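Next come the structures, one after another.
Both of the next two complexes hold chain A, though its partner changes from chain B to chain C.
Then we have the complex of A and B:
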């Protein structure tokens, strides 16, 4: 079972790969919309990637209003 | 042509439609690739009547207000119909707002009943703002897990009574809906829309884009939004058509839905349309050289034959693979809610997919103008809909002035705010605050805003006053939020941004700590509401006798600064 820190790091790593941003420039508390320069649709694309990676289904409502990596990781963690 | 002239209310029109089309499919609901249910109009009625009866038994009566805060799904429409059936006034709220914003609008609207989904209710019930809206005395929650703590709410699925409900008649001038166009952080603007507003708008819109049994509308825009409420509920239902709900906005499932459900119409905001364009363009770019040439040739042929009007049959033959990806039945993409770049509209039209771009605002009841495709024009927002009068007030030499409208679809005013209502109208004409001109062919061309607000590509109206609360107690002398295009007017609807004007204390400088404070506060706002940059002004802000900032004068002072160098990005 992953810890929340591990999940968070995996979320950050995946976002960095998906949007081609250096992983060192991203922190768990970062606002991913701002830091990655993405819109709400691109955030949904990222969610799909995360679902495949973690093997879970994350309904849209679960991530409503979420904009930082740490909270996103918490939502994922609760479904692992 | 649809005739709703005999109906005094939305409820009466829908009631007849449910009987007239009882065997037709009215709703398909899918969760991603899994179809959850498919309802006929008879099934829909069978779900709605016990709810309407239970509402009546609970004391809900004519003119009482009930709010819906839900994502797009069948229970949204079933609840709305039950509210109209019992003579109630619907308050549809944007499910993307925060819990505090929801409670603020629930309080302002005076809603007695709230219908919502369990994940949203979890947020609402735990909010410290909840006690402030003690007018809400019945909460119905859908899809709550079996052991969920409902915190005073009741299960929507169990809130039903046997026995036929009594249909409650309403008049055309009664309020059907209170729709908030803004005001979540400041002064709420609750547009009071009458039954007549919707009946007239429905007839006008369906005269250009008709529905009939067998038509399938893919509902993606939130149903609380004026466009989806009209073309994703009232319009198709009065004509016996079918609405498809997806329960997700993931692009991959939206794309799959077109061929799977043979979609006829869809409404999109510009952001989603551009995303679709990007995906298609990437695929075209990957075609081998030979195929690419053939493709370009076919597009050129299609363009030549559709110059004066769409020819769907021909386009579907010429560009079959593309149309097959959209299900082969798509008649038009309705786009609205915000400015759409002409090249995006033209991209789809050249592929033989008409894009019905238009212009409207909540206060005017969905749409004011729509492209009639006769011929298609990417550079305009179309012609006024039937029954809609437009005039341009105080035009400059190039004909550009404020767009004012008058019709039976215009709201009757803002709830509990005669002052704002008076400001919105002039001699019976609604002042839109948008700038534009009408060309020789009668098309409206928008070219900027007179009002201090922006509309995002997701179709969200953001008023600076509504987001200022988050900057309260910022350690500066004073601050004010502006739409950059209001301060530095541009003859364009593109690239709208908000900026935060700061006046620092004597001797204070714009340090990293202050910048980080601004960023932290900015991040508390939903992403589409955030300010883009800071503008520093080294002088006292002009104020009224009651110490309110004179925004228009402050904007004139800021306008003296060079826009490009004045805005310090966050």
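Then we have the complex of A and C:
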């Protein structure tokens, strides 16, 4: 079972890779919309990628209002 | 007309297979330009259907197959008209969408949607007219219309009910949630999963297989296994137009357009539940 810190790091790593942003420039508390420079359609791309990576289904209403990596990781953690 | 290149889409016929490519920025939103060219396509279909085994519908836009109806155009067109004309205009648009969808649904050749990225609302309704949906593993599907105070209006509900079990249909419609390709495959919405960026290639291989069979058998088999739910489609038009006439819908469209214009990153996601 992953810890929340591990899950958060995996989320950050995956977002960094997918949107080609240096991983060192991303922190768990960052607003990922602003830091990655993405819109809602790209956020859905990230959601698909996260679901595939973690092998879970994360309904988008569960991430409604979530904009930082740490909280996103908490939502994922609850589905693992 | 076997080949065509317009402002929102193009098609090319080769060796019994026609490829219809949606290509309107930013995400193939279905407004008057795309609908007009889809109408040209279904008219042109008649001229080559006898020598066609399959049709592949796909997108050249990076963001996906289609994000659905052009809500910006729908809103700006609606507010510019008095209420009576507004409702008549929406009915006309929806009737035209249904005519296109019914023609593709009833095509005497095999139709394949090769889907990547977003396939939402009217885009999903277009994909649902096809016999086979092949999805890139990163594709995402949704009917988010309820957040606008509407139901899908281009034939989505009757076709979804025709193809899938009620457990999924109700969850999908009533929550407005989006589902990934794996879930869509598991429930039977998607027939084949493709690797990332490979949906069109898989669709071409599938189309090539269909060319091997007798045309009459193929046409009759399709009619037998895929009846068109005409009565429910008519009922859907009436319900959509009735719901659209309420002020809450214009308010929801206005909210979407304003959030989108302000680059609200959540504009395409459900606002509240």
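One rule holds for everything that comes next: the second predicted complex is superposed on the first by the 80 of 80 C-alpha atoms of A that agree within 3 Å, B and C clash if a C-alpha of one lies under 4 Å from a C-alpha of the other, contacts with A are read in each partner's own complex, and residues count from 1 in each chain.
FYI, a residue touches a chain if its C-beta (ideal position, glycine included) is under 8 Å from a C-beta of that chain, and two chains touch if they have at least 3 such contacts.
Source: prediction; values computed, not measured.
Touch criterion met: A:48 reaches chain B and chain C at once. Once the two complexes are laid over each other on the shared chain, residue contacts for A:25 go to neither chain B nor chain C.
By the touch criterion stated above, A:6 is placed in contact with neither chain B nor chain C.
Judged by the touch definition given at the top, the superposed model places A:78 against neither chain B nor chain C.
Shared contact residues of chain A, touching chain B in one structure and chain C in the other: 33, 39-41, 44-45, 47-48, 57, 59-61, 64, 67.
Of all residues in chain A, only 33, 38-41, 43-45, 47-49, 51-52, 57, 59-61, 64, 67 touch chain C in the complex they form.
Residue ranges of chain B in contact with chain A, taken from their complex: 32, 71, 95-96, 98, 117, 119-120, 247-252, 271-272, 275, 457-458, 523, 526-528, 530. Contact residues of chain C toward chain A in the complex are 27, 63-64, 67, 117-118, 137-140, 142, 175-183, 263-273. The part of chain A that touches chain B in the complex is made up of residues 31, 33-34, 39-41, 44-45, 47-48, 57, 59-62, 64-65, 67-68.
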